[in-house]
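What follows is a group of structures, each given as structure tokens.
Here chain A shows up in two complexes: once beside chain B, once beside chain C.
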Partner chain A sequence: MDFMVFQYPMITVQACLDGILLGILFALIAYGMALQWGVMNIINIAQGDLVILGGYIAYFMYLYGIHPAWGVIVAPVIMYFLGVLIYKLVINKVVDRDLFISILATFGISILFMQLMNFAFGADVVLANSDYGTTMLFNDNVVLPNSKLFSAFISILFAICLVIYMKKSKLGRAIRATAQNARAAKILGVDTEKVYAATFGINAALCGVAGALISITFTIHPYMGLPYTIRSFMIVIVAGLGNLPGVAMSGMGLGVFEEFADYILGTEFRIGSVFLLLVLILVYRRFKLSRKREYLK
Partner chain B sequence: MRLNKIILSFVSALVILFSTSVVSFAKVVGDKIILGAAISLTGKYSSNGVHTQNGYNMAVDRINSMGGVKVGGKTYKFDIIYYDDESNPKRAAQLAERLISQDGVEFMLGPYSSGLTKAIAPVTEKYGVPMVEANGASRSLFTKGYKYLFAVLAPANLYLDVAIDLAVEKNNGKPVTVAMAFEQDAFSQDVRLGVLDAIKRTGSKKVIDDKLPKELNDMAATLVKVKQMKPDVLVVSGHTKGALTAIRQIAEMKVDVPMLAMTHCDAAKLSKQHGKNSQYALCASQWHKTLTYKDNFFKDGMTYAADFEKEFGYDPPYQSAESSAALLVFKDAFERANSFDQKKVRDALAATNMQTFYGNIKFAPGGQNVDKPMVLFQVMCDDSGKCENKVVAPTKWASAKLIHPVPKWSER
Partner chain C sequence: MNKNNIILYSGILIFGLIAPFLFPAFKVQLSILCVLIVLATTWNIQGGEMGYNSFGNILFYGLGMYLCASVQVGMFFPLAEWTESGGEKTFVHTPTQFFQGMASGLVVAAIVPTIIAGLIGYSILGLRGHYFAICTLGLGVAAGEISGGIEIIGAGQGFTTPPFPDVGSLEARGEFFYFLSFFTLILTFIAVRSIYSTRFKLILNAIRDNEDKAEAMGIETMKYKIIGWMISAFFCGLAGGIMGGLVGYIDSTDVAFDGREMGVFMVLMAILGGKGTLWGPIIGATIFHIFKEGFWTFFLGWQYVALGVLIVVIVIYFPEGIMGWLREKYPERFGEVVDEKDRKAQVELK
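This part shows the complex of A and B:
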């Protein structure tokens, strides 16, 4: 235990800011998961692997001399179609089965993706340099890499766009209607099959954005997906489905929690503390989230 | 019932077929000495696994084309049976078992990484199969009393202790303060032990001692502490991931530290891909191509690097060089033993005392190579932004002078 983080006020500020910026990024991934969970009642274990794949798209653009920031536009487009493809190939066959089957199926997709990424891109840890520089605050005592600010800004931008899209567009309304009551939506002429495919695609696209941002801010590696899945799962559990402000808040909360756990318990317990927190929350909530399944073919 | 019988007899026929077909492999067939190796061709170690395999293959081709191995007046050629261990220790141990008991291999080459070598060593030891390994540096490999394990590389605890000595030397012999961040795996923890020994020996003080988890891609917290405590040396070891994460975040957070010492800089391609961000980083390495060791097969490091580049299209990392050296050691031992008897070859290996392009090789009773110091290189960039690794320590092999202390970010 080390309480240095509280002894120096500047470190406290630094930890909070780092945590919030990180949390916004987590919230973006979690929002995709919440959307898909709410609409299709599928918990996507491959969420983190989709994120990493998005990261590789940005990384390859960087390798070919394109600034990786363009990845936040290119990655979601590619990932959207990949998401729709995964839906058509696998998910629509399990979406009407029970939750366990869908977890197994996405777990399988996750393993497949890990191995394919390893096969295609190699096992090396990679990153995409943005050369964005650094912002110094409070007499250079608090340091914020601009890449982190950039990724938080882009995450917020995408979240806002998505909220507006869900409220205003026809597909967005159809998605919300299906989430509320799939049977009624279908009777009223919503093509639920299309809605499901689009939802999965949108989720994959959000993962793509997040992945591109992670490759700019941190590092990526084919086997690094799981911690992102767990984090988004936890954020969704805390916030509840269809509660966007809740997702944002719990995302940032998790980010700050991780940073403080890192300082106080030590870096080695950082990810472990997230897992522990997940267990505690699950026990506390007693699986309140297990909703009635509502799927219509 | 009938169907069951048919299936049973079919399966047993298959089993018999397989068991007889694999037994036809053996350790020395005709003019071939067959070595076995389980290597990570897939999974998380696959890139270094491939470097290892390329190193082995390069040496096999070279030795075979330059006259092979002479034993008992007859000339033999090397051949290697490879299996993919999927970067999985359990699988590696199974494959070692299979190589020895099914394929009849009597001499083994090591896998990639300390973890996998640790998994294989008990198997080779059990069967008395001499293994020359080139990629397992963990100290614990050499304290178990293994008789048939020989490592051409320096053990992990020697990787970064040189850096502490160097920092003390630069501090006019006065003790220094050290911040450490090490991944929690066998190799990095051994490096840490070495650094701790050096800290104790020099009367220095550790001010930060962080352990990095293997999923880590953010070490901002450690670096904030470094900014606060202002240590004289920051030591980081966490394979490629640790090196990359550290370099990125140190540059972004503008962490000023007089000396930054790391491992795995060349595997992380720091100088090539991360240029100025990695400038002045000190890196521990088993080998560098500018070292002037010599042998008859590869001549010297520069020639080796050029030949390797021609064949595989990239600059050889030290993982390839040490793997090539393992074959040179085997050849030398076979010729001195003048026999394929495992015990005789083992004794010849234990008595090895030779120079290769990779360095001097002489084994301690534990099996580690004690005759080859680690080198430290520093990433140095010219004005055009092109960066290169230059050896700065030990002074005998240095091709450039150490830049110390590292200039502050605000002055770069």
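This part shows the complex of A and C:
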């Protein structure tokens, strides 16, 4: 244990800043998860693996001499079609079935992706170097890589674009209608099958953007997918479905929590603390809900 | 118990007893098969009978594995020095020490997870549906990550369990672990079978079919859910303890809390065989183990790809499992009274 955090206030500032910038990325992934959860009632365990795959797309562009920031444009396009493909092959067969079936099916996809990435890209921890340099704040006490600022900016940009798209476009309206009541939407002439495919594709594209940004800012590794799934799941259940400011806030909160857990408990407990936090939140939620049930009595 | 059953059970028992001598090369595989059947059968208590699909039984399995090995070492030698010395053995168990340690280790490995299941059961089992599934998934992974950071049980570099002592015969190790796991299997089977013939099973099924209604009928659902989970935890811990000795090496995320492998296997085996049946998990585990070993041997490196595809295929095209399929085909054999007219009418409706 390291109590440096309390002795040097600058470390606190550093952790908060890092956490917020990281949390914005988490919120972007969680937004995708909330979208497909709300529309299709599916929890996609492979979410994190889609993120990592997006990261590898940016990394490969970097390897071939293209600036990895272009991955932010390329990755979502590739991932969109991959998402639609996954939907056509697997997800459309589990959409209206038991929830556990969809969890298990996406778990299978997750294992499959994890291993295919391990074969294709190797088991090394990699990052795509963006050469953006760093900004020093507070008399050089706080280090702020520009790539993190860049990634936060791009995430916010994509989130805003998506929100506007969902509000204004025809497909966006169809998606929102299907989320409210799939059957009624079908009766009114919405092709729900197409809507589902598009939703899954948009989710995958968002994962692609987030992954490309993660490969620029942090590191990626084929087996690092599951924590991203768990983080986005956690953010969604804390914020609730369809609550965008909530998703952003709880994403940032989670980012800050992780940075502090990293400083105080040590890096080896970082992922463990995320998973423990998930269990604690779910248990807290369960007791809160059960109290509500007692009121009803 | 009718005559056919007695023949079946004694046939399996005799086969189990002579199997290690018939196939001496497959002793380890047969022991693993026994452990897998125990895991699948106990998963089925919640997943199949109670409708609570848990990814977290791996928690008890891994806990049992660490506890058994720690007790076995800690009873005679300082645990910290043992793990520090890693592969190079500075301490050697005598045969008496080994077996005493193993026995008390297994007792601890079975009891402590049961207590833990009882303690956390009230909070965790109040969750429903996918919240429960994800929460237990998180529990298993968290346990793996945290145990990977604890120094005294080897942290990231792993923990070597005591090697089998020299008792004069080279075959002794395999036979010892085979019979240990085989008797655990028999114990599990008898326990589960007797549970399934009581009111307890009906209560579990009532919880699966409609929990609120069951509660309204005056059943204390929470109590029974916790008891069901504790039974699972007991046998999972036991299986974990045996598996730790059998593998000989414990790693936090790759052997003990291996949610990616064992944690999914137990779910998959139960679903493959048919969840909610007594024989389903046993058949599923046997088929799965044979398939897995074949694939692991001939397509080394592609096994997880195959595993992923297998999960998707089973879940999408075969969710009722083998027993479910048999039940659909021969409902009379399962004691269901079939009215031909009614059946035809149902087919037409579909």
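Remarks
Following the convention adopted for this analysis, the second predicted complex is superposed on the first by the 285 of 297 C-alpha atoms of A that agree within 3 Å, B and C clash if a C-alpha of one lies under 4 Å from a C-alpha of the other, contacts with A are read in each partner's own complex, and residues count from 1 in each chain.
As a convention for this text, a residue touches a chain if its C-beta (ideal position, glycine included) is under 8 Å from a C-beta of that chain, and two chains touch if they have at least 3 such contacts.
Bear in mind the structure is a predicted one, so any value in this text is a computation, not a measurement.
Applying the stated contact rule after C-alpha superposition, one finds that A:233 touches chain C and leaves chain B untouched.
In the superposed pair of complexes, A:108 makes contact with chain C only, with no contact to chain B. By the touch criterion defined above, A:14 lies against chain B but remains apart from chain C after alignment on the C-alpha atoms of chain A. Once chain A of one complex is fitted onto chain A of the other, the partner contacts of A:263 are limited to chain B, with no touch recorded for chain C.
Once the two complexes are laid over each other on the shared chain, residue contacts for A:85 go to neither chain B nor chain C. In the superposition on chain A, A:272 makes contact with both chain B and chain C.
When both complexes are overlaid on chain A, the residue A:116 reaches chain C alone and has no touch with chain B.
The intersection of chain A residues touching chain B with those touching chain C, taken from the two complexes, comprises 115, 118-119, 226, 266, 268-269, 271-272. Those residues of chain B whose C-beta lies close enough to touch chain A in the complex are 42-47, 87, 181, 184, 210-213, 215-222, 224-225, 227-228, 239-241, 244-245, 248-249, 252-254, 267-268, 274, 277.
Residues 4, 8, 11, 14-15, 18, 22, 115, 118-119, 122-127, 129, 134, 136, 143, 145, 147, 214, 218-224, 226-227, 259, 262-263, 266-272 of chain A touch chain B in their complex. On the chain C side of its complex with chain A, the touching residues are 53, 123-124, 126-127, 129-131, 133-135, 137-139, 141-142, 144-146, 148-149, 155-156, 260, 264, 267, 271, 301-302, 304-305, 307-312, 315-316, 319. The touching residues of chain A, when paired with chain C in their complex, are 43, 90, 93-94, 97-101, 103-105, 107-116, 118-119, 226, 230, 233, 237, 266, 268-269, 271-272, 275-276, 278-279, 282-283, 285-287, 290.
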